[in-house]
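First subunit A sits with subunit B, and in the next complex the same chain sits with subunit C.
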Partner chain A sequence: MLGISIFNGLVYGSLLIICASGLAMIYGLRRVVNFAHGALYMLGAYIGYSLSLHLNFWFALLLAPLVMLLLGMLLDKLVFHPLQERDPLSVLLVTFGLLLVLEDLVRATWGRASLSIEVPELLAGSVDLFGNPTPLYRLAVIGLGVGSMVALWAWLRFARTGLYVRAASTDPLTTAMMGVNTERVNALVVGIGTALAGLAGVAAAPLLSLAPSMGADVLVDSFVVVVIGGLGSLGGALISAFLLGQVQSFGTIYLPSLSAVLPFLMMIAILIWRPSGLAGNRV
Partner chain B sequence: MNAQVNSVLSFDQVNAYYGNAHILHNFSLSISEGESLALIGRNGVGKTTFVNALLGQARVRSGQITVAGKTRSLWRPYQPAKEGVMVVPQGRRIIANLTVEENLLLGNAVHRKGPWNVERIYQLFPILRERAHTPGAALSGGQQQMLAIGRALMGNPRLMILDEPTEGLAPVIVDQLGDIIRQVNEQGTTILLIEQNLHLVARVSRRYLAVEKGSVIAEGEVDPGRIEQLQQFVVV
Partner chain C sequence: MVHFKYLLWLAAGVLLPQLLGSATLMSLLTQAVIYALFALGVGILLRQCGLVSFGHAAFFGGAGYLVALLMRDLELAAGGAILLTLLALALVGFLLGLVVSRIPGIAFGMLTLAIGQTVYLSALKSRGLLGGADGLNIHWPAGIFGLDVKLFYDPASMFVISWVVMLVVIYLLDRLFRTRFGSITCAIRDNEERARFIGLHVTLPKATVYAISAVVSGLAGILSAIYTGFISPETLHWSVSGMALIMTILGGVRALWGPILGAIFYFFVKEYVGELTDYWMAMLGAVVIVIVVFAPNGISGLIEPLLSRKQELSRKQELSRKKELSRKQKPRQSVIVNRVEVRS
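Here is the complex of A and B:
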C-alpha cells in the first residue's frame, strides 16, 4: 500500500514537473504569470489525441510538443512581446482570457464528450516492482519526467543558448547589450515552456480522460509547485513537484476529506518557513 | 556633423527623452577609428543618456545614430554589439548568478572575429583566471570592473564604451585600469571613456568632449600636464 502510494505520487510528480517547469521558465524570463498554461497542457493532450488517431501514440508524443513549441513562439510574438511594457496584472488578465478562448476552441473542435488515448501496446503490460505489479506506462511517465528534466538542465547548463537564457532571466538588458537577441531568446523560452505543457498533456492523456476543463487542476498544482519552489526556479520546482506528488497521493488515501486543500496547506507552511520559496531567487 | 568615412560611431542632432523629459538636445558627436575620446561632464548632464539612446533605452525623437556606417534612429539594445560596439555599463552589471567564465562567454555572443578570447582576457587580468568558476556576485568591485571590461573585449569591439568605470574604486586600481584601457587602445580598439575622474581621462584619452545640459559645449585635446583646465566641466 505504502509503496503504491509513493509510486503514484512519483507519477503525478513527474507530470507536474514537466508542466510546471514550463510555467517556471516562462515566469523566470518573461515575468508573465501564465494562466493559460493549464489550457495549453489541455490543448497539447487534444492535439496528441488527434495525432494518435491518425498516426500513433509515439508520433503524437513527438509531434504534439513540436506543434505546441510553434504555438508558444507565436504566443510570445503576438501576446507577451507587445504587452511587455504593460503592468503584470493586465498581462495576467490577458492570459486568463486566453484560457477561456482555448477551452471554447477545444470544445468547438473536439466536442464536449470526454475522450481518451489508448496506452501504446509496447507499454500496455505491467512489471513486478518490489512485489507489486506496476503498469509499465506509469513507469515510463516517471522516466519521461526525469529525462526531460535532465535534458532541460543540460541545455541550460552547457549550451550557448542555455547560457543566454540564464543570463537574460537575471538581467535582460545587459544580456542584450552583449549582442544577444533577447527577443528571440524570449520566444524560444515561451515556445519550450509551451511545448513542455503539451508534452505533459500527451503523457497524461492515457492516464486520465480528456476534457476541456482538464487544465484547471494541473494549472493550480503547477502554480503551487512554482511558488513553493521559488518563482522562476527550476531546481526548486523539481523538488516541490515531487513533494506535491507525494502529498496528493498520500492525501487521497489517508486524508481524503482534506486532500483538496493539502497542497495549499503545504504551500502556506513552506512560505512561512521560507518566504521566497525553496530555492530563493536562483534559476 | 556628417558621418566620416572612418567614423565608428556618430550622433547627428539627436534629441532623446525619458517619457516627456527632454534630456539630449541636438546632441552630436563623431568618434573615429582608433582614437581615444573622453566624454566629460557633471552628474545628470546626459552622459549615460547618450549610452541609453545608443541602446534604444532612451527615446530618440529626432536625429540619427550611425554605428559602423549603418544609420538608424532607433537601435535595439542588441544591435550595436553586432556592429562591434561593446559597452562597459555604469555599475558594471555583472550577471550575478553566472560564473566569471560564463560572463566572459556572454560577451562573445555575436561571435565577431578578432584577437580577444578567454585565454587572452586571463592574461590581461590574471585574477579572473583564479576566480574563473566563482559566481560574478562574489567578486570585489575592482574585479567586477575587470570582468566588465574583459566581457566587452570578448566581443572583439571596434569601439569600447566605458561608462564611469572608476565609480567606487580605489585610486591604485583606477591607475591599473587606466593603463590597461590605454594598452587596449594602442592595440587598435577605439575607446570612448565617459568619466568625471580627470586623473583617469589624463591617463587614457587624447581628445575630450564636454557635455552640459544634454549638449556638447566644448571639445579639444587632452593635455595631461594641464588637466586642471577641464575641472570647470566636472566640478559643481
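Here is the complex of A and C:
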C-alpha cells in the first residue's frame, strides 16, 4: 500500500516537473507568468495524438515536443518580445486570452469528445517491483521525468548556451553587454519551456484521457509547484513537484476530504510565509 | 448635476424593459447587469490597488451559499440573511485582505487563485452541508425586503432591481473614491514605498478596498442566487473569476462604468457570436489580447475621450507629468518584479 502510494506520487510528480519546469524557465527569463502553459501542454498532447495515429507513439514523443519548440519560439517572437516593456500584469492577461484561443482551437480541430492514446506495445506489460506488479509505462514516465531533468540540468550547467541562460536570468543587461544575444537566448528558453509542456502532454496522454479542459488542472497544479519552489527556480520546482505528487497520492488515501485542498493550502502558507518561495528566484 | 446624471440613468433602466419587447434580450441584459456588478467588484480592486484577483468567484458564489445556509439552517428571514451575509463578507474580506494584500503583483494573482480553488474544492467535497457537486436549491420566501419574490424571477423586473442596485453601488463607490481615502489608495497603488515614506499606513486601505470589492462581488452573487433560485459549486470555480476579469479588462477600469460595459459586451458576444460559431470564447480571447495590447484602458477608455474632451486633455497632461516624474526616479516595486526594471 505504502509502496504503491509513493510510486503513484512519483509518476504524477514526474509529469508535473516536466510541465512546471517549462513554466519556471519561462518565468525565470521572460518574467512572464504564462497562463497559456496548460493550454500548450494540452496542444502537445493532441499533436502527439495525431502523430501517434499516423506514425506511432515513439515518433509522437519525439516530434510533438519539436513542433512545440518551434511554436514556443514563435510565441516569444510574436508575443513576449514585443510586450517585454509592458508591465507583467498585462502580459499575464495576454497569455490568459491566448489560453481561451488555444482551447477553442483544439476543440475546433480535434472535437470535444475525449480521446486516448494507446500505451505503446513495448511498455504495455508490467514488472514486479518490490513484490507489486507495476505497469511498465508508469515506470517509463518516472524515467522520462528524471531523464529530462538531468538533461536540462546538464544543459544549463555545462553547455555554452546553458551558461548564457543562467547569466541572462541573473542580469539580462550585463549579459547583453558581454556580447550575448539575449533575444535569441530568450526565444530558445521559451521554445524549450513550451517543448517541455508538449512533452509532458504526450507522456500524460496514455495515462489520462485527452480533453480540451485537461490543461486547466495541470496549469493550476504547475502554478502551485512553481510558487512553492520559488518563481523561476528549477531546483525549487523539482523538489516541490515531487512533494506535491506525494501529498496528492497520500492525501487521497489518508485525508480524502482534504486531499484536493492540501496543495493549495501549502501554496497559501508558502506565499504568506515566504513570498519568494522555497528557493528564492534563481534558475 | 452629478445626481441628475444618475437620475437619468435610473429612468433609462426603468424604461428599457418597457421599450424592449424581446424576452430573450431582457433575460440577457438581466444576466449582464448581475455579472456587471461582479465585474465591478473585481474592477475596483484593479482600479484602486492595481491588484488582479483570480479568486473573486469565492465571494460571488460564497455569498449565495451563505445566504442559503442562513435561511435553511438558522431559519433567518431572507432580508436578514442577505444583510448578515454582506456583513460577513465585509469582515472576511477585510481580514483576508490584511494578509493577501501584502503580497505584490503576480504572486497576489496566484495566491487568490489558490484561495479560490480551495473554496471551490471544499464546496465540491461537502456533500452534506453544501450539496456537493449538485449544489443547493434555495427556497426563497414569498417576499424579500418587502418585494414580491415573483419580481425577482421575472427578467424584466429583475433587470430593474439589479440596475437600481448597480447604480446605487456605483454612486456610493464614486463618492467614496473621491474622498481622501480614494486618493490614498491611488497613491499606494502608484508607489507603495513612497506612500509609506510620507507616513501613510498602506495595508489598511488596501484591505478595506479588498473588503469592499468582496462585498460588491457578493452582492452580485446574491442577486444571481435569487434570480436563478439555485447555487452550485460551478459558481466558485476559477474560470468564473477569470470571466469577471475578462469583463473588467474588456471594459477598462479607469471609469467605474467600464466593467459594466465590459459585462454587457461579454454577454452580447456570447449570445450573438455564439449563434454564429461555437468558438466564441476564442473570439473573446482574441479581443482580450487586442485590448490589453492596443487599448489598455479598455472600451471605456476608448469612449471616454469622446464624451469629455476637456477632462481628457487635462488628464493627459497630468499623465505625461506623472510619466516624466517616474522616469526620473524609477520605483523598485517588489522583490519579484525588480528584474524587469533592470531591462527597461
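By our rule, the second predicted complex is superposed on the first by the 276 of 283 C-alpha atoms of A that agree within 3 Å, B and C clash if a C-alpha of one lies under 4 Å from a C-alpha of the other, contacts with A are read in each partner's own complex, and residues count from 1 in each chain.
What we mean here is this: contacts are C-beta pairs under 8 Å (C-beta built on N, C-alpha and C of every residue); 3 or more make two chains touch, one makes a residue touch a chain.
All values derive from a computational prediction rather than experimental measurement.
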Combined model on subunit A where subunit B meets subunit C, clash or fit: fit
Touching partner for A:181 - first (subunit B), second (subunit C), both, neither: first
First (subunit B), second (subunit C), both or neither touched by A:164: first
Dominant contact partner of subunit A by residue count, subunit C or subunit B: C
C-alpha centroid angle, subunit C to subunit B via subunit A, nearest 10°: 90
Which of subunit B and subunit C A:83 touches, first, second, both or neither: second
Touched partner set for A:224, first subunit B, second subunit C, both or neither: second
Partner chain(s) touched by A:121 [first = subunit B, second = subunit C, both, neither]: neither
Partner chain in contact with A:104 - subunit B first, subunit C second, else both or neither: second
First, second, both or neither for A:261, with subunit B first and subunit C second: second
Contacts of A:173 with subunit B and subunit C, given as first, second, both or neither: both
After fitting on chain A: smallest Cα gap, subunit B-subunit C, Å: 7
Footprint overlap on subunit A, comparing subunit B with subunit C: 171, 173
Complex contact set, residues of subunit A against subunit C: 31, 33, 83-85, 87-90, 92-94, 96-101, 103-105, 107-108, 171-173, 216, 220, 223-224, 227, 231, 257, 260-261, 264-265, 267-268, 271-272, 275-276, 281
Subunit A residues within the subunit B interface of the complex: 160, 163-164, 166-167, 170-171, 173-183, 282-283
In the complex with subunit A, residue positions of subunit B that touch it: 55, 57, 76-78, 80-82, 86-87, 89, 93, 95-98, 102, 105-107, 109-110, 151, 155
Residue ranges of subunit C touching subunit A (in the complex, touch as defined): 50, 52, 99-100, 103-107, 109-111, 113-115, 117-118, 121-122, 124-125, 238-239, 242, 245-246, 249, 278-279, 281-282, 284-289, 292-293, 296, 335-337, 339-340, 342-344
